[in-house]
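Okay, got some structures for you below.
Each of the next two complexes has chain A plus one more chain, namely chain B in the first and chain C in the second.
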Partner chain A sequence: MLTFTLRRISLFIFTMLVLTLLSFSLSFLFPGDTVINHSGQINATASELVQLNKAYQMDKSIVDQYGAYLTHILNGDFGQSMASQSPINNEIIELLPATIELSLVALLIAMVVGIPLGFIAAINHNKASDNVILSLAMLGYSIPVFWLGLLAILVFSIGLGWLPSAGQISLLFEIEFVSGIQFIDILLSDSPYKWQAFSNASAHIILPACVIALAPATIFIRLSRAAMIEVLAASYIRAARAKGLSFQQIIFRHAIRNALIKIIRHVGLQFANLVTIAMVTEVIFSWPGIGRWLIESIYQRDYTAIQSGLLVLSCFIFIIHILTDFIYAALNPLARGNQHGS
Partner chain B sequence: MVVSTMSFKPTLPLLISAFVSLLTGCNEANKLSLSERSIIYCSEGSPETFNPQLSTSGTTTDAIAKQLYNSLIVYKGHNNILGPSLAKDWHVTRDGKKITFYLRQDVRFHQTNYFTPTRLFNADDVLFSFNRILDKSHAFHHVSGGQYPFFQSIKFDELVEKVEKINDFTVRFILTRNDSSFLANLATDYASILSAEYGEKLFIENTPHKIDILPVGTGPFKLKDYRVGSLIRFYRHDLYWQEKAKIEQLVFDISPSKTSRLTKLLAKECDVSSYPIAHAKIAERSDLLLESITSLNVGYFGFNTKKQPFDNKLVRQAISLAINKQAIIDTVYHSKAARAKSILPKTSWAYDSNTPELGYDPVRAKSLLEVAGYPQGFTMDLWAMPVQRAYNPNAVTMAKLIQADLKKIGVKVKIVSYEWSTFLRRLSLGEHQSFLLGWNADNPEPDNFFTPMLSCSASENGNNRTFWCNEEFDQLLQKALKTTNMSTRKSYYAQAMAIISEEIPLLPIAHSKRFQARGTDVEGDILSTFGGISFYQASKTKLTSEPQNIAKPDKSKKVSN
Partner chain C sequence: MNLLDIRNLSIELDTPNGRVLAVDRVSLSIKEGEVRGLVGESGSGKSLLAQAIIGVLEDKWHVHADRFHWRGIDLLRLTIDERRALLCRDIAMIFQEPMSCLDPTTLIGEQLSEAIDSKQLSGYFWQRKKQRKEAVIKLLHKVGIKKHSQCISSYPHQLTEAICQRVMIAIALAGRPILLIADEPTATMESTNQGQIYRLLANLNQLKNMSILLISHDLENLTHWTSTITVMYSGQFVEAGTTEQIFNKPMHPYTRALVDSSTKANLQLPTKSRLMTLPGSIPILQHLPIGCRLGPRCPRAQQTCVSAPKVSNFHGHKVSCHFPILHESPRKESKKHKAVKHKTVKGNN
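Moving on, here comes the complex of A and B:
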């Protein structure tokens, strides 16, 4: 396990280095002055510019410049947003938790719905229910998320009036910012309307989370179906059946556990996909997360924000990826010995 | 065997649906109490400042002026008569140069988490507020840029010689000349009263700029929280000097996208929405109400009276007679505007219903053209403004309609349009023959329509793009400003409008309306004819448990004027 951990950590460090190199080079590729792209200080005075050039070591070689850039990032200094002129790390700290919250809830929904459906399809392999589930999964996978989001608002918010269409919580509730994860903040707050706020926030998250969850859920269906079919064909299942175990015993004691391990490997991969979908969905549902902020930054040509936003988001996705790898390795001893990693 | 394993399948969707119904169910039942005491307003933009003295932008005025502040005097009622506010009474000397205000003695400033007032409102606050604008050496004059656009446009510093404190609750304004629009200007949202005590505190703390960011006023609401581009939260000012506001919390949900405002309105996430789109859709819903108010503005078709052929009065009359205003209103304004008889809208107190209006009469137009010496017609250019404004939502379409109308009397129209700033610059150089433009009034004072738009001085260096200059007209405006007798003034303005109808330097087309949509559970006036919106009177009725009313209320289609 130690080598496994070390290998993952070194992979993480190198990937992050490559990513920072990319975001560093973006400052040169974007139009405008490099040091202003780094720092975001578009209204800097002459003396401030001199200071900035010094801080980012612009007069030295490109390697020194990269070193200075890395030092800034490691110190948590992403510069200022060109649009709002406030420090980017403050904005990210305020916005990232909302995205994490939304993506995790969506991931949960995708797994809770997708995996059992995939298992059902596999158990009824080549029967009508299998075909129905597979076709639905295909259909769900083909629906573009921006269209689905608008449709969901049209039907559930405007038509039926069941669920709200925008934001994280009704603006009437004042929830103090502690962790940024709305549900935790609500529970920590001493508002007299705590439980109303909680249910209101839950109602707000349902639509966007379900919209995001659809595409990953269909992938989970196909993954879990394939995994289950593979497991059911394995010799130990045949042995169990020969021993006279009932079908339920076989499925719940042996098949599901072994199939789940195979699926967990893919959760990290799916998460990257899910965050991409979440960015579009945040715009549609006015969710105050980092995806919407990043897309707005693109509109406003806020290069500093684009750079740092990309860096933080990819870092976040990578951490999730590694975490799922760890979980997979912890559950499946076979994976730890794998010399070449995946 | 297979069937038995499927027993868990239906439980999952069932569980989810139970969860959803639980959440939405209790959500509706419990939130009622809080939502009943609050109003969420979907506004179109963020305010630039929290001090009305510093801005003339409609969005800013809407958000802050009437919510947070009071002026010394206000316009009241449907006739827009000046009434007391922070000043309970006032007295104007016979020469009109000394105006004394007697202040209320029971007015409290907001207590917020950044300031606790220790005294009541008094003369010092009035002096502080106005000296900030007038006195260039005042400690706060240059804070936040030192620009007071409204007061600069009316040349307030030339008009007011000084502001004196007679005693703690009496203030006197000494003017350099008699000006009957003075009181009207003091009654605007821009002449809000700030707290001198708060100013002192900030001055000592060396953070004077906070006075325009963290406001302290006397208005019915106080600021609780503001997040740029996201929301403004107001709490009720419980010690308001009048009866306190009916709602406890007012939230501005800043939603610049018009479709998102519509969605939020339809999904009941906001109670009131500014500038709604899809009027027909809102009107057909029984739970929503579309209201409108004729604002103090005018969209017009102007002629360059310094250029051929529009230097001839007869030609201007002929062209005006040939234009079908009603068709323009139906097409360009979607019938949602009032036809303009003259430049003053009906909501102005000086409006005179007897003002003559040139009708639509192409036959007479043709004969007038012949008299003027253009029996074969002529070719003209028409400059259409490239941007959308409340007073003219689509100038190019309007220009096309005018083009078609004028073709009938043999006049060929070339439509010209430039980018907005170029358009205005070239217009001021007088390169045009005719143009489409409009005017938005800053206050109910009728002079605000006449002097800036059509006076001789405005033709030299102002907004008079018709370059029309009429001595008699100008004298009438001067006389109207020198008297304070409302009916005398009204008659002067009526005469001035008669001159406009006769001379036709411009053809007033429409007074457009301002729209707002709200849920039927929100009661009380919010929109006003001029100046910012006010939520002081707004309240909410209890929502009925039945989702739909059996009988469609008549209210849903009523459009109030």
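Moving on, here comes the complex of A and C:
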């Protein structure tokens, strides 16, 4: 297990190095002065510019420049936002938790809905329920997210008035910022209206999370259906039937775990897709997350913010990817231990 | 009394081009305490037959039989669930490639313990777990695994094929079966491990009077372990009889060819000369010959062979051929076969 962890950590470090290289090269590719793209200080005076050039070692070779850039990033200094002239790392710390919260809740909904539906479809392979689930999955996958988001607001917020249409929580509640993840902050706060705030925050997250979850859920349906069909045709399932186990015992004791192993690796891959959908959805639902901030930065040509936002988001996606790898190893005894020749 | 009595069992497969008769009216009977061999090339439908008996075939296969009796009970009169419940209690099966027949993500101990019926355990529910564990250890000892604690806490991929097959046998024994169906139990093993598994099966047969249906493609190896043998070719019944009858006096041209192609029966052959084989190969399921399916490859085939032969019985030696090879004096045989033999001689001339 130690080797497994070390391998994942080294993979993480090298991927992050490549990512920083990419974001470093973006400063050169974006229009404008490189050092201003790095730091975001568009209104710098001459003396400040000299200081910045020294800090980013612009007079030295490109390797030294990259080293200086890396040091800045490792110290948590992403520069200033060109639009608001406030430090980017503060903005990211405020905004990223909201995106993490939204995308994780959406992932949870997608898995909880998608995987069992896929299993049901596989168990009733080639029957009516299988076809119904598959066509629903096809339909859900084809709906564009921006249209679905607007439709959901129209129906559930304006038409039926069940759920709020925008924001993370009602402005009435004053929650102290601790971790940034709304639910944890609410539970940590000592406000007398804690539980009202909690239910209000839940009502706010349902609609955007469901909109985000739809497309990944349909993918999970298809993945889990294919995995389950494959597992049910395996010879250990036939042997289990010959052993005299009932159908439920076979499904719950043998089939589900083996099918989950096949799916869990794809969850990490699908997460990147999910975050992209979440960015669009954040704009529609005015969710104060990093996705909306990033899209606004793109509109405002805020190059420094774009650079750092991309870096932070991809880092987050990669961490989730590694976490799913660990879950995979925990579920699958074949992935644990030393793998020689692989 | 016959333990298992199957008459004219057919298995059909749904394909895009209509149904294909994969197994064509095969009869099989097993007596109590008997080791019966089922021999045929790969693709001859012997595994299908075994899976049809125990009822684990997929939905695309359709099984029909004229008679299907288990210890005197007519299984055709029972519903599918009743039949499965009855057969799973009394019949156990082990498969080829044991490693793929064990769930790769579940510990061996768990897989063994779930095969133990809770009816076998006595005592209150808090004693059950301990009893189950004891039963598992006992089963592992029965199949000759001494390091039981190590085996219980390992996954299938951590064990060798031979140990996995022993575990499979232990799982099969957990239900205390009367009949054990072994479907090529040593297909992927080295010869030393093969011997161990066969010896284990022979011991179980002798000590527990357990009947065994041993399925294999290796006639020569099978003769060491079986008392009676049934031969199949391309889904059709070929010949059945005691091991001596089949190996020493084969009556069907196909069995003759099988015996001729084995090294043991041909010790008198000069070194480096070729063994006798039939020309051609086993037909594929989409292009089965009509009548006797051996027809195109058979050295004794004649025009009559386009219709399927009936099974004729020579003192318990059953053969399904128009022109069987007869070793006994012609006087003992029926008129029909006299004529047939006469014809054959003419044909040979």
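Heads up, the rule we're going with is that the second predicted complex is superposed on the first by the 335 of 342 C-alpha atoms of A that agree within 3 Å, B and C clash if a C-alpha of one lies under 4 Å from a C-alpha of the other, contacts with A are read in each partner's own complex, and residues count from 1 in each chain.
Note that contacts are C-beta pairs under 8 Å (C-beta built on N, C-alpha and C of every residue); 3 or more make two chains touch, one makes a residue touch a chain.
It should be emphasised that the depicted structure is a prediction, and the values quoted were computed from it without experimental measurement.
Novice: Where does A:F14 make contact in the superposed view: on chain B (first), on chain C (second), on both, or on neither?
Specialist: A:F14 contacts neither chain B nor chain C.
Novice: May I ask you to decide whether A:S84 touches chain B, chain C, both, or neither, giving the answer as first, second, both or neither?
Specialist: After superposing on A, A:S84 lies in contact with chain B but is clear of chain C.
Novice: I want to verify the contact counts: of chain B and chain C, which reaches more residues of chain A?
Specialist: On the superposition, B touches more of the residues of chain A.
Novice: Go through the superposed model and pick first if A:S235 touches only chain B, second if only chain C, both, or neither.
Specialist: A:S235 sits against chain C, while chain B stays out of touch.
Novice: After the superposition on A, what does A:F177 contact: first (chain B), second (chain C), both or neither?
Specialist: Once the two structures are laid over each other on A, A:F177 reaches no partner at all.
Novice: State whether A:N124 touches chain B only (first), chain C only (second), both chains, or neither.
Specialist: It touches chain B, and chain C stays clear.
Novice: In the complex of these two chains, what residues of chain C are touching chain A?
Specialist: 51, 54, 56, 58, 88-89, 92-93, 95, 97, 100-106, 114-115, 117, 155, 157, 168, 171, 175
Novice: Tell me, which parts of chain B touch chain A in their complex?
Specialist: That would be residues 1-2, 4-6, 8-9, 12, 20, 23-24, 26-27, 30-31, 34-35, 38, 40, 224-225, 228, 230-231, 233, 249, 251, 253, 255, 260, 263-264, 266-269, 547 of chain B.
Novice: If we count contacts the way the header does, which residues on chain A are in touch with chain B in the complex?
Specialist: Its residues touching chain B are 84, 112-113, 116, 120, 123-124, 153, 157-158, 161-167, 170-174, 193, 195-196, 199-200, 202-203, 206, 247-248, 251, 286, 288.
Novice: Provide the residue numbers of chain A that touch chain C in the complex, in ascending order.
Specialist: 233-236, 238-245, 249, 253-254, 257-258, 261, 331-334
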